[in-house]
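Sharing a structure, written as structure tokens. Questions coming.
Chain naming follows the written order as A, B and C, and within any one chain the residues start at number 1.
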Amino acid sequence: MGVRKKEPGRITLFFRRPDVEKVVGSIANLLKYAFFAFFMLLMYLPIFVIAIQSFNQSTGLIYQFNGFTFEHWMNVLTFDLDSSLAKAITTTLLVAVLATAISTVLGTLVAIGIHSLPKKKRQGMVFLNQVPILNADIITGISLMFVFKIVAELIPGVFGIPSLLVAHVFFCMPYVVLSILPKLAELDENLYDAALDLYCKPSAGIVKVIIPAIMPGILTGMLIAFTMSIDDFLISFFNAGQVNNLSIYIYGGYNRRLAPEVYAYNTILSTVIILGLVAMYVVSAAKKRAALKHDLRHA
Amino acid sequence: MNIKKLGKLALPYLVWMLVLVGIPLVMIFILSFMNTDGVSFVGATWTTAAWEKMFSFADPTNLKILGDTFLYALIATVICFLIGYPMAYIVARSPFSNKFVILILTIIPMWSNSLLRNVALKNILSETNILDNLLSRIGLSFSIAFANQDQATFISIIIGLVLTYLPFMILPIYTVIEKIDESLLEASMDLGANRVRTFAKVTFPLSMKGVTTGIIMVFLPCFSGFAIQKLLSSGTVYVLGSLIEANFIHDINFVSMLSIVILILIFGSMMIVAKVDKEGATLV
Amino acid sequence: MAKKLIELNDITKMYDGAAVVNHINLYINENEFITLLGPSGCGKTTTLRMIGGFEKPDSGTVVMNGVVVNDVPPYERPINTVFQRYALFPHLNVYDNVAFGLRNQKVPKEEIAERVENALKLVSLPNFALRKVTNLSGGQQQRVAIARAIVNKPKILLLDEPLAALDLKLRQNMQYELKEMQRKLGITFVYVTHDQEEALTMSDTIVVMKDGVIQQIGTPTGIYNEPKNRFVARFIGESNILEGVYVRQNLVSFMGAEFDCVDTQFADGEPVDVVIRPEDLDIIDAAGAKLVGEVSSSIFRGVHFELCVMVQGKEFVIHTYENRKVGDHVGLRVDSYEIHLMKVEHVEH
């Protein structure tokens, strides 16, 4: 009986302490996630406002909601835009798509090249590759402007889409290279040799083996390149000549009222990108699950 | 991989980089000590006029701009670090099985045009703003009151810089913390360190690589940009970049000189990055 | 007479000014299982890669069927390789990995299907065709790598430490299976390893290498019983190596005593290195023994005991079935035909 009397005391002791810890722990957890959620919310607040503006009737002040409309969305989707905005959007997308394509293809080859260099040279190239990333955009912009000014002496029409394209490839390619290098480092060092061993010519070895194996890195690099290109202001500002991209267009109208279609365009573009990524993610997850199921069935 | 044969793929890139980085660098340096007409050297002479324009104690306007620029960038960077580190840490150490989703959430704002986001922010920070207008319909209000215009401008710019560049602080720090082996933390606790001490002595030192990159990736654009400052101050605040913007067509020598000021900071940063992160693992 | 399939004539390969492979000469016969054996950095993998065509020798010639093939790239050689960590293509499933080489050779579809199926059967993975290679165990990946190589029916199969990543039990099974496979397929195997036991078990011929130089070429028994120098003696199995003098024909002196021996190719009075394998030393009573010492340690090794006996300040390792206590005084005996003499090498690293 004496033992039994002691028992409850001991048990409550065992229960109480974890209880206190649990409460403190969950409060700490709550605060942690509240902190995270608060700043996430702050980052999203401007995007929320952009979305609202894309549905805001344009009769009235931009500081108030004048009524819901799909008009701006329709205008963007049918490309019924004021000509300077239309040109800015076309330029932005054209340059982004071309620059992404070019820098992805070239960046992949360059990354494979850098990876194959002996250690000392490789580190040198990796450092050089970081220059455009670490460099302030304004310096990159001015530097390229100087180069194009010299080139313009020989080829007068260089400022505009051509200069923008070269500039964008210049600052996008390093991101592609940098996304691919770690994927290459993860590869079995004999993978390329294995391709040659199995009757691939050198170029076929790269296309059939190396590139598929580093595909995730290439896609990441591509996405970063596109993101950087559509959002660029500073580098384009110094190298666009008479052309405007969307950032320059917005900057130029900073004290005026922006065409409401800008908000609609922005909302549509980011929605498309996000939906595209979600779709890609879902498809790859489904594929993975199917492969796993198959493996389990045959295990 | 068959080393010598594929290495040559990197050679054109070396040439490309040297032309687009090396030549302009030399030009910037030379032009800052000359008075040229654009990039034409005809009739140009050596002069330190551009440097005197900047570092003149008789007319400290430009020096004051340099100081302001530094201050804005420094404050924004510190705040980004204070917010970004915990956020990165919370994501990296969260029990959520799918960090990918949270990570994407951090990146999504980057797919909205950053200047447009600041235009929207300007709206939000105005006394009468669209959120307030919407909320007033359900009896709520949202308005930030500032003591005066100067304070409003200053705080707006800081908020604008922080919200624009916060992801650039979070991502590299997240990348390194995520890679820290859990068993190191267990080892530290096993050796008698408590959670706080484990963080201070193990996690934080190991995340320095990401912190360095994050700080640089935030500080440099804050220091050298001008668009956000101009948008949020309606053109009343001048920073170093504004001087470049105002002069890049007519006074290339002054612009070159201003570039050197920024370049000095960049060189310092690159040296640091080359030391702490040789393979550039935290840059993407 | 076996037919020479490959000859390496005076091959040298330099890396950063240092010779990784230094003037080696070697020939490989048809249907031979030949092993390049040596510690890491001895040049064995580089030699293999030169046979495969992944590296070009700086001097010397690689001859295949009488034709110099120095400049023939890997994809034109009838040689396939099983790489060290398998180098399976991570984006392809098992079937596509195995079919990869056949597709590049434009083999008809039906034939590919048949040959891949047979190859997977041969490596005991018949139902694995559609599995992802990244989800396979180490042993299974290993089998896929072998199937991927042999499905092309190469004349020569190169294997670069293929078993190094497997655990002991699996490794022993695979040794047996590889040997069987080689016999069945009638393909020449060139095998690289640093594991002497593996080499002894599987090979027809062993090539012992060190610092880019071939130390000895011979059959497993030949190399084990008659190592040419201290390095080979130490690297292959355990051995007691002593300094001695070749007194005259059939008589050698070491440790202050004279012993009968069977080696004859030395000059009278020439210094020699004496090799005695641990299992060739017998423990006898101390009284009347030529070698007397004190047991300094005894370890049970499963089948036998490993004793260390200190004789005149020199430690002998002995494998014996009967245990002795530490501190016991014992005598050691060795039969004349188990004393192996080697030329003394003046350069000893």
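Worth pointing out:
Everything below uses one rule, namely that contacts are C-beta pairs under 8 Å (C-beta built on N, C-alpha and C of every residue); 3 or more make two chains touch, one makes a residue touch a chain.
This one's a predicted model, so the numbers in the text were calculated from it and none came from an experiment.
Taking the CA centroid of chain B as reference, the farthest chain centroid is that of C. Chain A has the Cα centre that lies closest to the mean of all protein Cα atoms in view. Note on chain placement: the centre of chain A and the centre of chain C lie 52 Å apart, centres being C-alpha means.
Taking each chain's centre as the average of its CA atoms, chain A and chain B sit 17 Å apart. For the pair chain B and chain C, the distance between mean C-alpha positions equals 58 Å. Shared contact sites, meaning residues of chain C that touch two or more other chains, fall at 54.
Multi-chain contact residues, meaning those touching two or more other chains, occur in chain B at positions 2.
Shared interface positions of chain A, defined as residues touching 2 or more other chains, are 187, 189, 191, 193, 196, 202. The part of chain B that touches chain A in the complex is made up of residues 1-14, 16-17, 19-21, 23-25, 27-28, 38-39, 83, 86-87, 90-91, 100, 104-121, 123-124, 126, 128-131, 133-134, 163, 166-167, 216-217, 220-221, 223-227, 230-231, 234-235, 241, 244-245, 248, 255-256, 259, 262-263, 265-266, 269-270, 273-274, 278-281, 283-284.
Against chain C, in their complex, chain A makes its touches with residues 187-191, 193-202, 204, 208-209, 212-213, 215, 291-292, 294-295, 298. Those residues of chain C that touch chain A in the complex are listed here as 49, 52-54, 73-75, 79-81, 83-92, 100-101, 104-105, 127-128, 130-132, 135, 148-149, 152. For chain A in complex with chain B, the residues that touch the partner chain are 32-33, 35-36, 39-40, 42-47, 49-50, 52-53, 56, 62-65, 106, 109-110, 112-118, 121, 123, 125-139, 142-147, 149-150, 170, 173, 175, 177-179, 181-182, 185, 187, 189, 191-193, 196, 202, 206, 220-221, 224, 227, 230-231, 233-234, 237-238, 246-247, 250-251, 254-255, 258, 262-263, 266, 269-270, 273-274, 277, 281.
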